[in-house]
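Two complexes, one shared chain (subunit A), two partners (subunit B, subunit C).
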Partner chain A sequence: MKELSLNILDIAENSLKAGALLTEISIIEDDKTLVLTIADDGCGMTQQVLKTAADPFYTTRTTRKVGMGISLLKLEAEMTGGSFNIESRHISDYPQDHGTKVTAKFYKNHIDCIPLGDAVASITTLIQGHPDSDFVFFHKTGDKEVHLDTRELRTVLEGVPLNTYEVIKWIEEYLKDQYK
Partner chain B sequence: MKSLAELQAIKDKMKNKVVLREGSNELRVVVGMATCGIAAGARPVLNALVEAVNESGLADKVTVSQTGCIGLCQYEPIVEVFEPGKEKVTYVKMDADKAKRVVEEHIKGGKVVADYTISDLNA
Partner chain C sequence: MTVGKLSGTEFFAPVVITEPNREIDGVYIGDLLSWVMGRASSGNAWITIMSNVNILAVASLADTACIILAENVALEQDVIETAKQKNINIISSPVGMYETAVMLSTLL
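So, the complex of A and B:
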């Protein structure tokens, strides 16, 4: 991937496919590191599936036999000397408290570290494609804290879909303003 | 600074619009957004489509949506156009500018942009 934000889009799609009602995306940066966390309340994975999730030759897709998303993120993090972790609780074992959490840590000064890129575009793209799911986005960088919770927007919107063009544009500007 | 009051105003405007979507007569534009599509550049293609459809006032007749892997990863980004009563049109190796042209000439103008279709690429 050319941007880490594209990985965010890609990994969050797994959450939505797992039936997540809420997907929380957080990016915490300090001088040296960037920690990306994507946590969802989807159906989770069994221990058996979890073991193979980072294997490029494991995939849930049926159109071909290779699944690159998770393995790619893991590789990209490890390339910088960082780390990768995935935890999951499958709905069959945890009927109340199921879901998956992916964490990737990057060392930003490493020559192989991929730039974050346009995180705002990834968030608005996710909302555009999945207006009935909720997203929390948090990005801490330097002295800035950017925050979005679609559940809060939903209470204002009273049934107007989150992927209404004007709403998506508002979200885009709302996030961009917070980076200023 | 964007405020929630502005969002409230958008809501009020939208609520007053009676949305009459004629389900089956609707034209659907679908973008492949699996790992392959995203890595190949599907995000700007999708955003260009959403913007062009809305800026051209076609939002009531056209839905832009996302799908998983279409199975032709080497041709990503892929855009499929489904029009009731017509055969599906598959555009391949798309970018934002090509997407705008497809909205203008095909979605709005009704003429398939043969330069970007898969049959043309195979020929």
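So, the complex of A and C:
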């Protein structure tokens, strides 16, 4: 995809489709690398499904026979000399501790490394579209850290939905301020 | 022009041809797979230099008539095998994407 933030949206939507109550998105950068991790507590995948997850011809959708999100992220990471990993625990095997974790490592100075793009827009889009799910966003660059946890917001909001216009606007500003 | 006929011209070389009678009715050029996926039209010949297995999925999704690999880009054997299984036509071109497109415009 043109920007990594679009990949984040795409992968996180898989988490939500898997019934995730909490999706944790973290971006950890140093001088050379960017590591993106998306971890959820959704229903997870069986070992059999997990094996096919990075196969571009596999999808859980029935409307088409190929699903590309995971495959593209893997390709994009590997194109920079980086790596890709996906682990999953299916609810049938791990009734208490299920979910999926996707990790992609990028080498930022590789010429084919795609830009991160607008991560704030991706996070607010996710919250707006799924106000009943919780999200943790963490972005560390050198000594700068950006952090958001919707569970903390909920305790303050006392029942006001997260996708209320004012709340979404506040989240957007809150994240942008931390990037300053 | 059909894919079979195009792959038989002097300029191009067949790599995998499973549906030779597929008619080509346009051309799309691009290497960013997610972009191509949403923009290449059904029946297009898609010119690219990408060679990983994902190009087959993109071609399948967009229902392109064939993939044309520019600049003699070679495919790994497992990609070729998957293309055969998934009925994806692939043709090779010895020159760059622009020259390939110019050649197509004289032939189509």
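In this text, the second predicted complex is superposed on the first by the 180 of 180 C-alpha atoms of A that agree within 3 Å, B and C clash if a C-alpha of one lies under 4 Å from a C-alpha of the other, contacts with A are read in each partner's own complex, and residues count from 1 in each chain.
Going forward, a contact is a pair of C-beta atoms (placed from the backbone, for glycine too) under 8 Å apart; a residue touches a chain by one contact, two chains touch by 3 or more.
As the structure is a prediction and not an experimental result, all values here were calculated from the model.
When the two structures are aligned on the shared chain, A:Leu72 is found in touch with subunit B and with subunit C. In the superposition on chain A, contact of A:Met1 is made with both subunit B and subunit C. Once chain A of one complex is fitted onto chain A of the other, the partner contacts of A:Pro56 are limited to subunit C, with no touch recorded for subunit B. In the superposition on chain A, A:Leu9 contacts subunit B only, with no contact to subunit C. Touch criterion met: A:Tyr165 reaches subunit B, while subunit C stays clear of it. Comparing subunit B with subunit C, the partner in contact with more residues of subunit A is B. Common to the subunit B and subunit C interfaces on subunit A are residues 1-2, 6, 64, 68, 72.
Interface residues of subunit A, counted against subunit B in their complex, comprise 1-2, 6, 9-10, 13, 17, 61, 63-64, 67-69, 72, 121-122, 124-125, 128-129, 152-153, 156-160, 164-168, 170, 173-174, 177. Against subunit A, in their complex, subunit B makes its touches with residues 1-2, 4, 6-8, 10-11, 13-15, 33-36, 38-39, 43-44, 46-47, 50, 54, 59, 64-66, 68-71, 73.
Residues 32-35, 37, 52-54, 56-58, 60-61, 82, 86 of subunit C touch subunit A in their complex. Across the interface of their complex, subunit C is touched by residues 1-2, 6, 56-57, 64-66, 68, 71-72, 75 of subunit A.
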